[in-house]
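Below: one structure in structure tokens.
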């Protein structure tokens, strides 16, 4: 079969690889129908993710059709259409039984990282019963691809951890795909204000269309002051960090109201300064989280009842044969204005 | 009347001062019967608390008897015995109505800071109805003094914020009075493990007597490794920072288990390093808090039903006339082994 | 001044009464600009509310302008425009300090019940600082009247107590004004399904316009079966009782899913059958509540940011002089299709 | 092998039965070392549990040693010592993934009910990975038997659902084994008061030894009045129903404080009167629950750290050969003063 393979820092190839096979009794083989590219895939290609070794098929998002299942799989059978979760969960271990699937001792984020992933014609999914989801009748496959990773990540790490509430004031720092996913899902809780902060006017425009009540281009370095003005000097109840660098995290520290929550989504490569000399008496909360995808059933319900439209995030479409073009478009989002790209296998 | 007055950095005096008077209709004047000294008072004397100006009577803890009340006070009358909260709360403002009394717009921590305090024969208490508590019959006055600040601080900032739970593993970094208050109140929730970490063997001994299940002298720099060993490599569910310097906060970052909570109590003077490059995917929570004293009624109930014995914290006793000696004993706790000192007026 | 006075069972009058005066230092006198009639006022007129004695001016909802304040009122001054809460709260007592204002020991629901109410030119509001709310600039007075009682009641007793969640299935039994208020505010949390159940097709039509995803006319006695069909045999996560009779409460018992919550809003005059023989092992929750109006600040925020339009509930408008006509229209809602009537003073 | 078999209403036998075998790949066969008898077993013998048909081996509690495992079992191997949960959980279904194991679509309470149980030399455990627990080194087997059902039931259905809190007032109606289990586990949260109510003075004596702060013999019909007196007229924050008849549930309705929670544990055979005419405005919560055994890991931790001593509940010991005598002793608890009996296989 054809697959997108990581070949070492800055190198990738679209190669022939053997079709995967059932390895343990709880595995399923899924024929991919749609997949996509994540910012994390670009990180891997930069050589920033040491757990991912050359030779690995990338990709941890997608929908498809069950091709075969191991003898212990009870929920699915060949022919079933399924959503693939970016997180594999055994359902049995200490962490899974606390619903912290991200830390599953034999799973977590392994797809397209420590085992072969979804940017291929077929993929092997371990712990299939607890890592795949049946697709509701009539649901758009493109919309569903957004439920593999980006929507649950924005929702769980940003919105739920950030305790977004009706009537509250929210700021989201970073209007890339993940920040926009937080923006879309924050509206499940009807906050009064959602202020979107970014350096790219195009993305801020998109944010407005997606429901932001205010936008700030932070290029002038006055974002904190502007947020304070917009919130009557109090700051925001929820600040969602969706970039992953010290400057944006520290912006969150400046704009958080007493009693508020900073919810980190960004993947950080270095330490940040935590100004406890200002924050020790401000009754704030800071959270970090790798997505657990425990909200997937809820998001499927919301999709079915049309409470959310994740296809808003999709800007480009390619066939699997053209996945190298898809990577180009996605990697140069500043020019192409790409958010999420759909790849049809 | 006699009062302990801050005279500027490193200087204090025991002086004659006029008896306070009702200034607004919600004030009460309280005749102090017992008070104590807080670590914060020592900070003020070092000149570290710029809001507290020379000439200020210190002290934000104590019990006493109502001497007079303003015309709008409805809960208390002269002769009532009362517990003084370290936090003044109007009960009306945006923050008070969210039970975040620490940020009351006309209160918060003002006693012995921006208005005269309790280390005197009399004190004026603003917002008396919502800043004083009636004393349960038969309760020990010395025990009650511990409910002005140290017990609610350990409980709210450390134990509640830290989500201490039955069966959980807790580490408390710092075995001074506030860390020990966290230790005492953590036991309300019956965690399986409470590991106490300090540099002073005497305090660690005390911690054992107070209920710690394990102690670590961190002088050798191996505290993190030791905690990991004691918790089967997983770390603690709750790490309570009760010192207020970067090293102890960063120790908490090293020992927190995935899904755990770091609850900061310490008063920090500088920023700390937050190692998000390690923590971004660990699903942890960090909290800060100035005590709100919302747990005071609960603590009074627990005291009355003998579920807690705060007098364990008391090591020395003085009369108000000897308050300068009390400061000496408290300031040299390494030698005197002082925890809390009781001052009888 | 003119006022609507309860004269004993079935009897009311529009009479001259003396203008109220400040009685205690925390009182305010408010000149009413808009008020309305509540279903509870009709209960009083039937003689069903023994705490309300003949001679009482009715009404517990309204907006107005501060006419005068007692000397201990610090938040408001004459000329301020204010929203009147149906619940008076001292802010000091055991219950107020738990944010359970409904049970304030010197307040609670007293307006138009045990003290004179708002269907008059002026009203005396006790505990003014904690029972009135400043009106946001530009807010519609008619919309604000809905925030005195009906919106916080639907939201707190129905939606919050019922734990309405994104993706969840909700049924609301009763599509009168209070059920419709629950319907409007349930949408703050974006449930997947809101099924509205009533006997009146007109009200069910209204419910559809207000956002119900499904409606059931329960006249045929098959409502429970229909709900089960609509929820794939599982039942609803939240069942909100908004009528107040045994039949509707017992319908909730039949349609609640395992793990779900029945939130009672209805004012019940008799006991109901609780079928614990069916429910003991179903992991359900049942709640009751008199509104605390703790959500008023949130609702004001939501109104200001246009996340909700409470004027949808308003069907009729009268002047205070015609309040007897307003009562006629409201009491015969089956014919007049009245939901809420606005009375301008 | 030998087993205790239900032979139809009022009839049981100690019979030879074939040793169970692995039926599906996720099964384990466990050799029983200790088991016990539950009140539910007596209900079955009365013919009150129609799901349990004649021929069934009874028992849903016990500890033992893994004899063999199916090919899909990954957590256990022959020779491992295990605790058997009374609830079987697949870990995959809609309810299991919400941690509501009691409603597992292929599990729940099936042992000794719809499949053969633990009062035998061997038992087949379905969904072994998620229905068995490894035994901590050094733990007493007798103590562990109390963790199969009675302790998690008292804790989850009574204490957790009842929101027992430090400083709170709790009443437990029924001082049988399950009420006493609630009493033991309520102390994890250090409430100020635990009032135990029963008709049997012997059991009330036991309750005092186990930590009750007050006891009431309700034979005189004045229990409600007595509770109100003991709580300064306010009632209790938590009322735990541990009997299962209308009178005891209705007693809970009378003694619950505004804002409080009635947590039902009792297995009810008939409806009860819910006095909503008194309770609609009291802001109370009522909960029901079949135990989910999600607290088992926590209880194992607490046992290991000696925060609880479940052997207090054990009054009698028998060998499996004498299990008919064990039933006699347990069924006549009024005379024998039996609480829990240990049966050694």
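Letters A, B, C and D mark the chains as written, and numbering starts fresh at 1 in each.
Note that contacts are C-beta pairs under 8 Å (C-beta built on N, C-alpha and C of every residue); 3 or more make two chains touch, one makes a residue touch a chain.
Just so we're clear, the structure is a prediction, and the values are computed from it rather than from any experiment.
J.: Which listed pair, A-B, A-D or B-D, shares over half of the residue-numbered contact pairs seen at A-C?
T.: The A-C interface is reproduced by B-D.
J.: If I rank B-D and C-D by number of C-beta contact pairs, which comes first?
T.: Result of the comparison of B-D and C-D: C-D.
J.: What whole-number Å value describes the gap between the mean CA coordinates of chain B and chain C?
T.: Distance between chain centres, rounded to whole Å: 42 Å.
J.: From the C-alpha centre of chain C to that of chain D, how far is it in Å?
T.: The computed centroid separation for chain C versus chain D comes out at 42 Å.
J.: Could you list the positions in chain A whose residues touch two or more of the other chains?
T.: 297 - these are the residues of chain A that touch more than one other chain.
J.: Can you list the residues on chain B that touch chain A in the complex?
T.: Touch residues, chain B against chain A: 95, 98, 100, 102-103, 244, 249, 258-259, 264, 266-277, 279-290, 292.
J.: Give every residue of chain A touching chain D within the complex, in rising order.
T.: Going by the criterion above, the answer is residues 25-26, 71-72, 74-75, 90-92, 94, 96-97, 99, 129-130, 294, 297.
J.: Can you name the residues of chain C that touch chain A in the complex?
T.: 165-168, 187-190, 192-193, 213, 297-302, 304-305, 307
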